[in-house]
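You will see chain A twice below: alongside chain B first, and alongside chain C after that.
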Partner chain A sequence: MELNNSKIKIKSKNLNVYYGNKQALHNINLEINNKEVTALIGPSGCGKSTFIRCINRMNDTIDICKVDGSIEIDGKEVNDKNVDVVTLREKIGMVFQKPNPFPKSIYDNIAYGPTIHGIGEKKDEMDKIVETSLKKAALWDEVKDRLNEPGTGLSGGQQQRLCIARALSVNPEVILMDEPCSALDPIATAKIEELIDDLKKSYTIVIVTHSMAQAVRVSQKTGFFHLGKIIEVDTTEKIFKNPANKMTQDYITGRFG
Partner chain B sequence: MSDTGHTVKSYAEEMQSLNDDLVKMGSLTESQLADAMEAVIKLDKESVDKIVKNDSKINALRSAIDNQITTVLVKRAPMAVDLRITISTMKISHDLERIGDLAKSVAKKVTPLPIDLPDELVNSLRRLGDLVQKQLKDVLDAYLNNSKEKAVEIWRKDEQVDDLTNLAMNEVANYLQKDKKNLEVATHLLFVTKNIERAGDHITNIAESLYYLIEGEYLEGARPKGKPLDS
Partner chain C sequence: MNLLIFALIILFGLSSYYFGRSEARKLITTNKIKLNALPSYYGYYLGIWCGLPALIILSLWSLFEPTIIKILILSNFSNVESKDLFYEQTLSFFNGNFTGELTNNIKIASERYSSLNAIAYNSKIALLASAVIFSTSYAYKKIKSNNRARDDVELILKGLLFVSSLVAIFTTIGIIVSLLFESIKFFSTINLFDFIFGTSWSPQRAFVRDASTITPEEYLELKDAFGSVPLFAGTAFIALIAMCVAVPIGLFSGIYLAEYASTKVRKYSKPIIEILAGIPTVVYGFFAALTVGPFFRTVGESLGLTVSSESALAAGLIMGVMIIPYISSLSDDVINSVPQSLRDGSYAVGATKSETIKKVIIPAALPGIIGSILLAVSRAIGETMIVVMAAGLAANLTINPLESTTTITTQIVMILVGDQEFDSPKTQAAFALGLTLFIATLFLNYIALRVVKKYREKYD
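Moving on to the complex of A and B:
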């Protein structure tokens, strides 16, 4: 057993995922540390997004998807029948490749989550949640005077931070990010990376990225996926300076295929 | 050294060119050191100018390598083994350039030396020079063969360089003791000895860089030291 069990927030054991007859993940054993950033890298279709979608059971929404094996958060099985998926997703926020604000005001984008979870029923309580969430996402100063304008009117980078603020509004413990910067320019990317640095003090973050440089900049631990298998997991420094596995080395140095 | 498996061909070519320039630089440095040692041993004053001039070729290659490395860093953001090749090539090229400088300094000292130096003195310099040249040849071969075992062996052998340096220094001290008028020549000889020894230190640096390139880890432990002068 692990000596510092309390450090581990998420743990997958022999996790297999199938889309119909096609197996997308093979026996994934991966530990994600608490209040750290874990980067998942690998070529397209290697299973990294499928893996993070197992953490908040997003794969439930796909009919032909079958998950077996175990994935635990704080030692509790996520796939257990008794787990309420809505509560689970309150605990695990998610941010996607393309910013996807609701076609509502900036304020309502943030208020939506707390409302459906029955938090912040009083106006001043909700105001506080909106302000705090936007501040945590480093967006408050840019939008505080136009909270009633549509979220879709913001720039791409601001929209992505709005989506992060929306995820933060329900006090999650884990934030999953699936290529959060791939649609953003370098300045907007830098702002998100700065935000990730700040957020990791309070949240456990798992980020899927195609940018090696980004993985090096933001993460402490990196996992390399290939053809649905996890090939190597180690400290980010080790992976990018001196990986143990040749396949990892070939991928990160651009020698693949 | 660098295999050419990159998906982007021009990246592979850039790494290959770095390797080629470093090999070229190594071989030039090797000849410079050999020429400088021969000039000292044979007290051949005629060859000094040529050796001094040739040093600029080594310097030019160092600058070319620096430039290429800056380009690779900015264009490719090299990772893992490519990162280690890039960093080590930069360090090795700087050490080679310093060895070139030291060879030049050794050669320049030949001009003021008398042609009738005692045999013991010349022999002690020859032994030291032979060993350092062997070390340089070995480290360049180790680089070409990607051999970390050789790198460690060369690194350890610096102890012998230190020992032979001490012996050569003792010979110079004896020479000075025989006649105080030998002071000026003895001073030049001390510089020559010290410069050869320092070339040896740069060779040890190269062995360390090579080990890091191959292993991704630093050679551990204190660098071997020879016996102190009066033991």
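Moving on to the complex of A and C:
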């Protein structure tokens, strides 16, 4: 029992989210395992992104958004008033749908997070952080000779890996990915998927995706969302081979959504 | 008379628009023809053909008629001396307000003028009427043959827009050329270097003197009457004070509106700030001269300082207030156009709002912000009313904000107020000042637009 509990990294209980009068999430109960990839699938507007934005409280930046219910990380409540959002987000990195490097140099893009948290104040420490982050994101070899060039000058796939490197630079425990490959071509997508596979050794990853194939390829656990509700959560194998719910079956075979 | 003809042509044009449209409709309904264009296009087509040629003929005629008549009359009186005067006398005799010595020649010329006028008038009417009839019937035939009226109408509209922009461009060029020519006259009397580097400005010394008759001895006297350095220094100084007020307040309120204010606060406060830009500058001017200036003097006196009641500080301060909305509303727009994804990226690594603003948003928006500041600077340099009322007239070369100074615009106003001798260097100096001011603001605007354009390319 004890062992089983420590395997769970993130746990949401009766989570409800409202945008103004509209309820976006209804009673979400979901457990995300440590050092595993959890994929969230479902048609557009079903609340997948809203859910992962609850985990690092990115929804705080939206005025009309109201969250109630509970999300725990390592047994600690995220929605608690006393939680410092800055430290929370240091622990939970996020990668977005569209690559969003800052209009700064590649080096400064990575150095941004550590500087804010007061890590790597010495130049050689920072160099080390930049190098390891870029290596972890499998970008180092491509950019090591042009660290001072703007990050916006990279190709789409490289930009997205730069954003992953930026998320890794502050040593997070969890990485949230919101459709990280939707703006990329198949080759860049393959690279990112390879990277995700590699990263799950040290990080807990939650990925929102519209590609069934991607969910099958990268994840161990899959949750199917529909109209703000969780329809089914199980191991990826079970969901795609033998789903318990008719709706899940219909969605993964492309009959709706 | 021309006005009546003009109105008639417009009336004909309008009625042929309706006529053409209904004809086209008739063709569709009775003859079951599928026309190439909508009925209203045939209306426009007929209307334009009816009105446009006649209008062109009318305007050309009115333009050339007086000159041609004058040439015709004067050709009969080749022995008269000073022909222009003679012709003026003829005209005034014809109009019945002639005074002076009446000669026989004038009487003859006047009769000839009256007959020529009548001929011209009749032939104008005949020409216009035939133009209207001919072109309208031509266009009407074209409708019957189902031409592509749409293309022709589009072509004419394009031409109309082109002519409008041409008018704007030529007006600008005309203004610049007139500035240039008057300035060249000024610089042919006053040395360019004396103007640019001279440190004393007292143009009243050249008050009623014809520029072309100034002797070298007199020039030595005038040499240091037109040193523009105090004016440029005063202008720059007041603009600097204004920017010291406007940049921080404008920028910070822009940041507040874009990043912190709730939608409701933004909805009400942005228009209120923009009202500042709508207050007439003369109101700012008397506020500066009657309220702020004396206030500074009282405060200064209580501190034991000598403060002039017309001070650079008062003028600059009020000018700064006037400029706040330019900077705040432009930088608000620029900050808003920084993509939300950059903010998300910054928040996601744990940055606070102010860190995000300082390290991501402001750097990303910087070119746009600089552009807005440069536009504000060129506004401050060109501003006239506030400085005329509040900064004073004495061309002191000073950096003490409590003394009165003067600016380029103030001096232009001072020079051109009242009766003018147009060939005195004093008057021409206004054009030279105007030209330099124009070049300065043009340069600033150019840089500002370049910077803003570069910024736009980044996110589109």
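Quick notes on this structure:
FYI, the second predicted complex is superposed on the first by the 253 of 257 C-alpha atoms of A that agree within 3 Å, B and C clash if a C-alpha of one lies under 4 Å from a C-alpha of the other, contacts with A are read in each partner's own complex, and residues count from 1 in each chain.
Keep in mind that, in the parts below, a contact is a pair of C-beta atoms (placed from the backbone, for glycine too) under 8 Å apart; a residue touches a chain by one contact, two chains touch by 3 or more.
In this text, all values refer to a predicted model and were calculated from it rather than measured experimentally.
By the touch criterion defined above, A:90 reaches chain C but does not reach chain B. In the overlay built on the shared chain, the residue A:158 is in contact with neither chain B nor chain C.
Of the two partner chains, chain B is the only one touched by A:212; chain C is not. In the superposition on chain A, no contact is made by A:105 with either chain B or chain C.
When the two complexes are overlaid on their common chain A, residue A:204 makes contact with neither chain B nor chain C.
Of the two partner chains placed by superposition, only chain C is touched by A:58; chain B is not. In the superposition on chain A, no residue of chain A contacts both chain B and chain C. Put simply, chain A touches chain B in their complex at residues 212-213, 216, 239-243, 248-250, 252-257.
Looking at the complex, you find that chain B touches chain A at residues 5-8, 11, 76-84, 215-217.
By the touch rule above, chain C contacts chain A in their complex via residues 262-263, 339, 341-352, 355, 359-360, 363-364, 458. The touching residues of chain A, counted against chain C in their complex, run 56, 58, 61, 63, 85-90, 93-94, 96, 98, 100-104, 112-113, 116-117, 152, 163, 166-167, 169-170.
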